[in-house]
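Only one structure is covered here, and it is reproduced in the block below.
Lettered A, B, C, D and E in written order, each chain numbered from 1.
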Amino acid sequence: QEVIKIGLILPLTGPFTSIGKEVETGARAYIAQHGDKVAGKKIEIIVKDDTGVAPEKTKQLATDLAINDKVDILAGFGLTPPAFAGALVATQAKKPMVVMAAATSSVTTKSPYILRTSFALPQAVVPLAGWASKNGIKKVFSLATDYGPGIDAEGAFGKAFTDAGNEIVDKVRVPLQNPDYAPFLQKAKDLKPDAVFAFIPSGETASFLKQFTDRGLPQAGIKLIGPGDVTDDEVINNMGDWVLGTITSHHYSAAHDSPENKAFKEAFAKIEPKMRPNFMAVGGYDGMQLIYKTLEKTGGKADVDTFMTAAKGMSWVSPRGPVSIDPETRDITQNVYIRKVERVDGALWNVEFDKVENFKDPAK
Amino acid sequence: MSDAFSLPFKRLKPMSDPTDPKAHILNATRPRWPEALVWVIALSAFFLFPTQMPLLSQIAITGLFAVSLDLILGFAGIVSLGHAAFFGLGAYTAGLLGKHGWHEPISGLLLSGLLAGAVGTATSFLVLRGTDLTRIMVTVGVAAVLHEMANKMTWLTGGSDGLTEVVIAPIFGIWEFDIFGTVAYAYSLAVLAILMFLARRLIQAPLGLTLRGLRDNPTRLLAIGSPVKRRLIVVYTVSAAYAGIAGALLAQTTQFVSLDVLAFNRSAEVLLMVVLGGSGYLYGGLIGAVVLMVANRLLSDLTPEYWQFWIGGMFVILMLFARGGLLGLGKQVMERRR
Amino acid sequence: MNALETHGLVRTFGGFLATDNVSLSVRPGARHAIIGPNGAGKTTLINLLTGFLTPTEGRILLDGEDVTRLPQNKRVKRGLVRTFQINQLFARLTALESVCLALAEREGVAARWWKPVAAHHKLIDEGAELLESLGLLDVAAIETRSLPYGKQRLLEIALALALKPRVLLLDEPAAGVPRQDSRELFDTIARLPSDVTILLIEHDMELVFRFTDRISVLVSGAILVDGTPEEVARDPKVREVYLGESAHA
Amino acid sequence: MLEVKGLTAGYKDAVVLQEIGFTLAAGQSLALLGRNGMGKTTLITSLVGATRRFAGSLHFDGQDITALPSHRRAQLGIGWVPQERDIFPSLTVEENMTAVARPGPFGLKQAYEMFPRLAERRANMGKQLSGGEQQMLAMARAMMTNPRLLLLDEPLEGLAPIIVQDLLAAISKMTQGEGMSVILVDQHARQILPITDRAIILERGQVVHEGKSADLLADPAPLERWVGVGQAA
Amino acid sequence: MLTVLVDGIAAGSLFFVMAVGLSVTMGLMNFINLAHGAFAMLGGYVASALMLKLGVPFLLCLPVAFLVASVAGVVLERTLYRRLYAAPHLDQVLFSIGLTFMAVATAHFMMGSQQQIITLPDFLRQRFSFAGADIGTSQIFLISIGVLIALGLQYGLKRTRFGSQLRAAVDNPRAARGLGIPVDRIFAFTFALGSGLAGLGGALAINTLGLDPGFPFKYMVYFLIVVAVGGTGSVTGPLAAALLLGVADIAGKYYAHEIGAFVIYLVMVVVLIVRPQGLFGRVTVR
């Protein structure tokens, strides 16, 4: 076998296009940087569009990739439901499956062949709960989008935050389709919490943030905190000064200061000069990195047992900082940073100022 | 000439014996070659495209779903943009049965069809009145409410994460669902063929004639003594049951149910398929499903980001030059040649 | 017992009184005409009788039984059948299919779903016979919407006749049908069994006077005169509001 | 006023009218006769511009209108009462008239004088009218365009006898008194011949007889032959 | 309480402005134009591009968005749409969905997949208290535009001859032409008006709803709800419907967020069961 084929299934049309775009570009950036040869094998990727949340389409694409294109590795998976569907195929067809985006905690439990290079929401928000209670935030209004990751985020944050002796004054769930934040934000404003904890999927955040300020919550002394999805790197720079000071926690910021990140951003910009890489992009980049590193270790063998054994426990320095694959859960262990939106050199960035190191998904 | 009596293609002039004015009705039930061709192609797919079974079984399932919509759209004139409600009900029923110990597929299919049909009867009074737009929106509303309920009832449905761990026993205890999807395709195709045969009987029988009358002029149908509402309820129920069975097939063959079985997109897509293929021919939905799904697949492989442009272009051009969908176009061509 | 009776029938549209306290009786086997100026409420009256509209007040008796609240299709089952002033046809059915549909309803087989129409030979033969009697057999296999207007008008009548009515309500059956065809049409209607009751609306006085044995004149929703053709033709009020000077008698 | 030369017209690929030719002077009226389906309506709608023309030319008032679209012809002064009345159902009685009105002596006042019944129903929707009321409205609506040539396609159908008499009188007054030209189609030759100057009989889309109306009344043989028995009685 | 009401009315006004153009094409011209959202998207992108790339003031962007969308509307109407006026409704559905697909892919290709984010001028970002309600100037702005458009259309389409000529042309184009109504011109103008209003709505919506290539599909159902609940063929109908739905939606989410997402659909279904022709609809002939 001369070629290793990787089937990349991502949403490239529909409401979640930007996720697919970032992940794909991230993955291609890695290949551009490191060449398309590993351990003597040529790496080939085949991209498929699953349009967002259409699991049976994802399943069908994955099956087709496994049977017809004879791919060695399945990868991508923008959202949780498609990842679940893909897991069925991975198990049945015995293919390693690298989840580069979907962030519901339980994704990795759906097949013994899943590896994840993105993050799990509880992982991202639990450190935030700790930081908030240490910094004078006692009462929080929780607002999350009504689907897997949102519910995960709400639950993990809420538990960690109340365990520390604080109060969640109310929690609301915003519909995934056609959200309108006004009534929820008004409710938050009326309840006068210290902060609003928000999880909004990347892509929807702009209108949320805008309404947050337009409705005058910052003036009313209400802070905004949440996982980094809320101040997504892709959009933050267009948002205007009203987001300054927002505190979030996440595993990656484009502003992360390291040579690895610098190289990543350069490679990314060569492909998509107009876009800023975000946490989705880094998931795609590290997904490829994991595949490359594992193949190097197995000497180009990609059969599922050899590959999985080699991948477990793998560690490397990612653009986000040091990471490793937890051998038990096959999920990623990484630093989670507390960041604040600041203006640097005329642009808005999530500037990291605190971190919890080598943090595993606390939900497992 | 009538729509259904000369399936699958309509002809303008009375066929066979032009001197016998009754011929057009008497000869209506005779099978015709284009119809046979459809099934020959469907069967030969086992040998021609052995690696495309998953796609093919999805086409068969979606085709059945489209046929169910055509029953109310093409034969009774009810426009629905929420037909996924019944598809989804069927899918969740079959999925839940499979998850909670009822692994036998065929009884699961029937139960799902029954349940969807019952809900069809219960909601049919909502579509008895009103204009096209009213019916469109009421059906959209019903489907949206069901969608939202399935989303909220996480304990039962798995919410937006979907329903997993659906276990389906081998068919007749013999054929197990495999990863290549051969059994799934054979199973879906068999169900499609049986239901298609029944639907075909139905529309060629007096009931079918009544339904076409209903589509053309409900006022007159009442005035010849037909209990119009009762007829509407009957087709709506049959159509809902068909949709439910299609949904159940999807759940059983993919062993997975996600919220999008109830989504607006699915309702819209199936409507597009029926219109694309041509409504009121029964086979229109099937052809629409084949064309749209194959085109989707080919185009999205070619250009994963912009394939929708070409699909859209296809719709636009088809509607500019071929009224009545693909079968309408076929009919025009046949008439020209005469 | 009268075939059809109304007692104090009233119907308003908004504030407009379209049917004003109409009490009418039609004896079995009658050839009864309703005439009156345009907008007098003739079509409205038929709509009330058939259940197409519900009366604001009053009662309707069919063969002595109160049918005021009975739905349209049930009245049809009891033999009360109408034609429409403006054609109501099945645009995409052929002429033969259309009458077969009506026949199937009459025979109570319209909801059968297993045996094809093609196997219901009795229906088809009877349908073809009916079309033949109205000169429609040569267009039996043509979609209704492609038929010339005159033929469509005849099909409108054929659909009613197919139901073997006991009481037949005809709303301007001859309008739009050329003179010689309308004579044929009336001949066909005249050949109906004499126990069939016919209530007719028509503006062609020649046909009315030739065909009917009783006439009610409706003006502004109310019955002005009720009598034999001779009585009506002589009535000065009727001449003033409806017939004009050149009336036939 | 109107000159029709070699007009061949029909629908899609069906030729209905062949080589029709006639002229009509100002103030003249023409009866258009013929059996069912012989092309009377097709001729009227061809003058309006709503059919497919295969050959021939049309001149109105010396102007070539062969290629003019329908609405331009109407604006030049051709008024039309369609056979199926074609009342605009979602407009009120009054809107039906004002929507097409053009300046001239005939206005709402005159319309209501002509048909007092319409005045009573002025605020009703077109679709709520009785059959005869629709026929009246079609007539009044055509008059509101203040035409110089009026095309009437079976305008008497479904009207009460007394209205028919009034309307016939009104039509003959228009031509004689006010110099309007009229083409009148009706199933009942006997009704319209007395009030028209000339008559044309159509048979299978061709003119088979043309002459003075009075002559036809005097010698009904062509009527017997082309239009049908009983017409001349 | 009052705040919730004002929020609802403002949201309703925005939906009214976006949907009323569809009410015009669908209700008055009897054309099911599901590509309405694509015209709104066009208006939105025009406005955002002008603001972000050229720094044109927001208030000036609005009329430009209207104009560009209406010109695009006329061009498409003259070349494509007019061929489908006589087609069955379902053919129109397929055709206009096709156009929407093409528009979405084109927008994705030209503008990228990311959200367009604009910042309103300062005077539209103020908040003040009135009778205990917490109100934003942008909401007042939206409500005023909604009212103005409603009044203007109501006058233009109901009281004028143009309105009756338009309805006549829709009822029966052949007869309307034969009686001297310039049907083609009236249709083109009306279509321009409808798509222009969509464009304006799109430009107004960016601030609250955001704008990305998925816009036309995201809000399609909402437009249809407004038109259906309002009833076709009037302007007051969609206004009342949009306001009702806006208030019900916001109040539902505020007071009972658990069932918040149902409310709008439940209101719609209930209204349509009680009045199948919509709140202000006349029973149509077709």
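Assorted remarks:
Assume a contact is a pair of C-beta atoms (placed from the backbone, for glycine too) under 8 Å apart; a residue touches a chain by one contact, two chains touch by 3 or more.
Computed from a predicted model, the values in this text were never measured in an experiment.
Excluding chain C, the assembly's touch network remains one piece. Here the chain-to-chain distance from chain A to chain D, counted in touching steps, is 2. Set against the Cα centre of chain E, the chain with the most distant centre is C. In this assembly, A is the chain whose CA centroid lies farthest from the centroid of chain D. Rounded to whole angstrom, the centroid-to-centroid distance between chain A and chain E, based on C-alpha atoms, equals 36 Å.
Work out the mean CA point of chain A and of chain B, and you get 38 Å between them.
Chain B and chain E have Cα centroids lying 32 Å from one another. Inter-chain spacing, taken between the CA centroids of chain D and chain E, is 43 Å.
The multi-chain contact residues of chain B, meaning those touching 2 or more other chains, are 148, 305, 307-308. This structure has the following touching chain pairs: A-B, A-E, B-C, B-E, C-D, D-E. Here chain B touches chain A in the complex through residues 51-52, 54-55, 58, 148, 151, 159-162, 164, 179-181, 250, 254-256, 258-260, 263, 265, 300-301, 304-305, 307-308, going by the rule given at the top. Here chain C touches chain D in the complex through residues 13, 36-40, 42-44, 85-86, 148-150, 172, 175-181, 183, 203, 205, 241-247, going by the rule given at the top. Across the complex, chain A meets chain B through its residues 12-13, 17, 47-49, 53-56, 59-60, 63-64, 66-68, 80-81, 84-85, 88-89, 92-93, 104, 106, 110, 146-148, 151, 175-176.
Against chain E, in their complex, chain B makes its touches with residues 73, 79, 126, 129-134, 136-138, 140-142, 144-145, 148, 152, 264, 268, 271-272, 275-276, 279, 305-309, 311-316, 318-320, 323-324.
Here chain E touches chain D in the complex through residues 161, 164-165, 167-168, 170-172, 174-183, 233, 282, 284-285, going by the rule given at the top.
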